[in-house]
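In what follows, structures are represented as structure tokens.
Each of the next two complexes has chain A plus one more chain, namely chain B in the first and chain C in the second.
Take a look at the complex of A and B:
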């Protein structure tokens, strides 16, 4: 009997072609869009040589040490050991102004009673440029101080030691995976797709309520316990939704090559728990709100808000919430599901992952209990 | 005007649902406009890298000096030495550089032994090149002093370095635009408006049109003496009134946040651009509402269209980051042209003729989008209508 009902509910769901189509394809289409938009994003943070100009006037010509240093850092430098960081053009002041105005260069160096820097906008490249000139001035000052205290040092290889720069830094990887913000968008997308399981939950609960649909009335007169019907419907909804989520996951990993870490078992577990949360959430909404338009409005509105706060439109939103209002992060199922994927991808330990899963299970329990309490023992004098 | 009236009666019936959408998306756009930071836009003063300094060594004068120096040139952020918190902060770019001084660093360094400080960074980012440079500069200068002058105390050393490193380059600003930062912020508001406006229109228009498109109701309409043309006209009028109403509500926050600015030339241009964008958004919503039949599926369709177009047109991801081919592809959406105009409006110092022309082109293209979507909808409706009359 159980299996019979289950199969018929499954058929009912699958035959809602339009909803099937949209819930299956919308995350896939969106993921494709995300992928297109982010294809270049990780590239943009990489370092590119900075375009600059130098005003070739008399004072610059006189400053031989500065010329030498500048040349060694230019991209046309012969020194193969170090990559050049500046693309240098030699110009007049007027030409420099023009280049700057046309945004062809980030800034130009102008020697007039000392080395000066002219820029139009500020930014990281300008900061690097300024820092380079600072450094030249500072090293000159160091050499002066040393000569004052120990004039002999010039003969004992001071210049060599200036030229010989040691790297005092060693890079330590932050975790097992690189901090790639882009993956977060895809995680929120799966989380949101899970919550869209709510539409199935909503549909199922409507289908078994006699005052909302004719099928509901028919089911209600059948000699089967209400609780069993609810369980069967929810299970059917979960099965379909889980199938869709797994397809989405396969598309993300196999086609778009999004990294989820390698704990495949836990990833599937997250999908299952997330799907159940979504479906029970829809059932919960459907049971407490009677009017159909409002039901859908509430489901869309709340799931969009949750996705927004989990960082689907703007990745830093998740961080802002977790530092300024951590409670909001814990009561947001979309954020919890996202966080599960994130902690599997990024952290070395799994404690945060399990915390999230446990909270999600608490949500499932609350949603199911509320749905059950509302649905049980409803009696209708007339329909 | 029965149809027009009926349109608003249905809106009234669904007012709660529509209000939910308006409130939520209004909340989105305001929150985004106030928290968004563009990764490509950095102010000269603000471009200090957020850095965490963790010291496992003794509190030596040398390290104090180093920390002091870093604090002048970067933002020192205090995050507890907890691996998960640090990882989080790094992941979301709240912190871009973490310095960890190992135990026994000072002693080894003063003796001239080889020892290194640990850094944890966002790989390959420009900010880390800058910070590497800063720290290496300090330590190299220190090394130079230690190897050149004998018996130098740490205090003296720090003083010397401090003196040397205080030499700074004079920076001259050429023809800067003082309002630029603010203009960019205002642009965010209007860019995000594209998403919110689009989403509300699709959800709102669909909520109403689905009622009209119920098979029984449509059959009843078909046998009324009202001509299809007339009925459609009233329906479109109703939709336009609704869209303008939504637009008016959505621009209220801009007047509250930016005040008088909204009445300047740039502010008015932003407003003009956004109301023009409302039209293609509306007719695409109208099209979707007539294609999709299931109430549940509307939300998915709305997500694909509003979120998808915004992502590829540079609303959520800065345009500079999007590839050429993608932008060409995106130019088949009205959102692309809307965002493009917003960029021009925000970035120009003075309105030049060519800017005006390019804004006008964008407006024209958006209007063409609006018209095309409308015509397609009309054809579909007509086909359904005639199919119904002659067929089943």
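Take a look at the complex of A and C:
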């Protein structure tokens, strides 16, 4: 009897094209669009070598130290450990002016009674270029002064110390993964997809409730305990939804290359708990609201609101909620699921992850209990 | 069915003083019903008379304020699974799943009653053949016409071969061919041993197939019996309809003076004359028209219908 029911409920769910679209294909399409939109965002954050020109005149040819330094910072440098910061072209002064006017370079360097920099605009690249030249000039001047007044000291390691920079700040990684503002969008997306499992919970409860559907009336006339049917239906809904979430997860990790960290077991656990939360939430909505349109509206509206507050549409929202109204974060299942993925990705310890999982389990218990209290009615006041 | 050995009727459904209120509206007002084994019992009443509410209360789907319901001599309750296993329900609304094929729908609902897969397969095939939808076995419901959907709805309700089948207006919005098929099917189910409780607001259907009929109005049973017994309850008998194109009040007054006349009306070019029960006035009416040189067209003589019964008891048409 269990298997018979379970298989037919699976068929009913899988063949519901409209809901399959919303629960499976819509999140995948949304993820694809997210990826297209955020790919450029990530590119913009990457450092690109600065295009410059150097006027190759006699004075420059005489300045061997400067040539060596420039070469070491060039993208054509032989040093494979360091990425070059300058794309250097060697030109005449006229060509340099032309390249600058055509915005093909950020500035050009020419040596005429010293090293000079010509730029046309101000910006980050121009600042880097200027700082580099200033620092070279300062170091050269220091070396020349020492050589002039105390050349012996150069042999006792002073030259090395001049070139050495001591950093009094120590970089400590707050997490085991590198910061990535984009991944949170995908975490909220998968959390939203989990809550869309509510559509299945909603469908299943409607199918078995005599006051919600004629099919429910027919099932309730059969000699089978109501809760056996409810449990089978919810299990079928969870099975399909979990499969969809795993597919979405695979798409995100394997196709879109979104990192979820490497704690596969906990990631799957989040998917399972998130899926059950979504399905039981839908069952709860379906049990307390009778009108079909209203219950779908309530499910979509609440899921989207939760997703918004978790940062799906605006990445700062998660931070705003956590600093100004943290309670909202704890009562928002989408935020909790998102935060599970977030903490698995960023943190070395799992305490925050398990806190989220426990709160989600409390939600599952509340939704299930409320649904049970409504469904346990054996006779209805009206059909 | 009258039990030949013991000489008693075996009650399948017994409803006593069932009362159901929706706020101030009394949907069922001390509703009483007794259905015997082997009957096709018709529950006839206009829309809103309380037929479906009564069925839902009998099946323990609806709460009721007062009264008792017994099925197979046991109190009916939501968890009375030993009773439920012998009940089949065909609802007014088509209760099937659009995502399942015709065969799968019947198999799914039959599977709620029958565990053995091989036995179930036989029953499902039989039910599908019974309602003549074998050709559409692999079709999804959306591809079926309204009539075929109704047949599928019936197959889902009867596949487990219940002893009691409750059909709640199963022919609503059905084409004549499917309706005829459904009504014949119900009679065949009854012949195969099932007791039928059939609700409808179509008096012709109820007259055609039911062995006993209860007429309902405003949540109450206002008359019960065979169709002959019901018709015998009213004072009017034969109804004569004569097509007349010219009419004046004198004709109506003269006809009313004839013996055994209950009423005389003129409506839509037809003179309608109702006689007392057991009396025949056709010749007298025709003699009057001929002797007064009144031209007339078609003539119909009809025995009283259940609508006449309803009309006389409630003062309104069954179709109102």
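We adopt the following convention: the second predicted complex is superposed on the first by the 253 of 383 C-alpha atoms of A that agree within 3 Å, B and C clash if a C-alpha of one lies under 4 Å from a C-alpha of the other, contacts with A are read in each partner's own complex, and residues count from 1 in each chain.
Operating definition for what follows: a residue touches a chain if its C-beta (ideal position, glycine included) is under 8 Å from a C-beta of that chain, and two chains touch if they have at least 3 such contacts.
Just so it is clear, the model here is predicted, and its values are computed rather than measured.
Once the two complexes are laid over each other on the shared chain, residue contacts for A:16 go to chain B and to chain C alike.
When both complexes are overlaid on chain A, the residue A:72 reaches neither chain B nor chain C. In the superposition on chain A, A:8 makes contact with chain C only, not with chain B. By the document's definition of touching, neither partner reaches A:92: not chain B, not chain C. In the superposition on chain A, A:114 makes contact with chain B only, while chain C stays out of contact range. Of the two partner chains, chain B is the only one that A:142 touches; chain C does not reach it. Ranked by how many residues of chain A each touches, chain B and chain C are led by B.
By the touch criterion defined above, A:199 reaches chain B but does not reach chain C.
When the two structures are aligned on the shared chain, A:221 is found in touch with chain C, with no touch to chain B. With the contact threshold set out at the top, residues 16 of chain A are in contact with chain B in one structure and with chain C in the other.
Chain A meets chain B in the complex at residues 16, 18-19, 21-23, 26, 29-30, 33-34, 36-41, 44-47, 85, 97, 100-101, 110, 114-128, 130-131, 133-135, 137-139, 141-142, 145-146, 149-150, 153, 156, 158, 161-162, 165-175, 178-179, 181, 196, 199, 202-203, 292-294, 296-301, 304-305, 308, 312-320, 322-323, 342, 346-349, 352. Within the complex, the chain B residues that touch chain A are 13-14, 16-18, 20-21, 24, 27-28, 31-32, 35-37, 39-45, 47, 83-84, 86-94, 98, 100, 114-127, 129-130, 132-137, 139-141, 143-145, 147-150, 160-161, 163-165, 167-176, 180, 195, 199, 203, 207, 292-304, 307-308, 310-312, 316-317, 320-323, 326, 329. Put simply, chain C touches chain A in their complex at residues 22, 56, 59-63, 77-79, 81-82, 84-85, 87, 89, 91, 93-97, 99-100, 104, 107-109, 111-113, 115, 156-157. Chain contact summary for the complex, chain A toward chain C: residues 1, 4-5, 8, 11-13, 15-16, 207, 210, 213-215, 217-226, 378-383.
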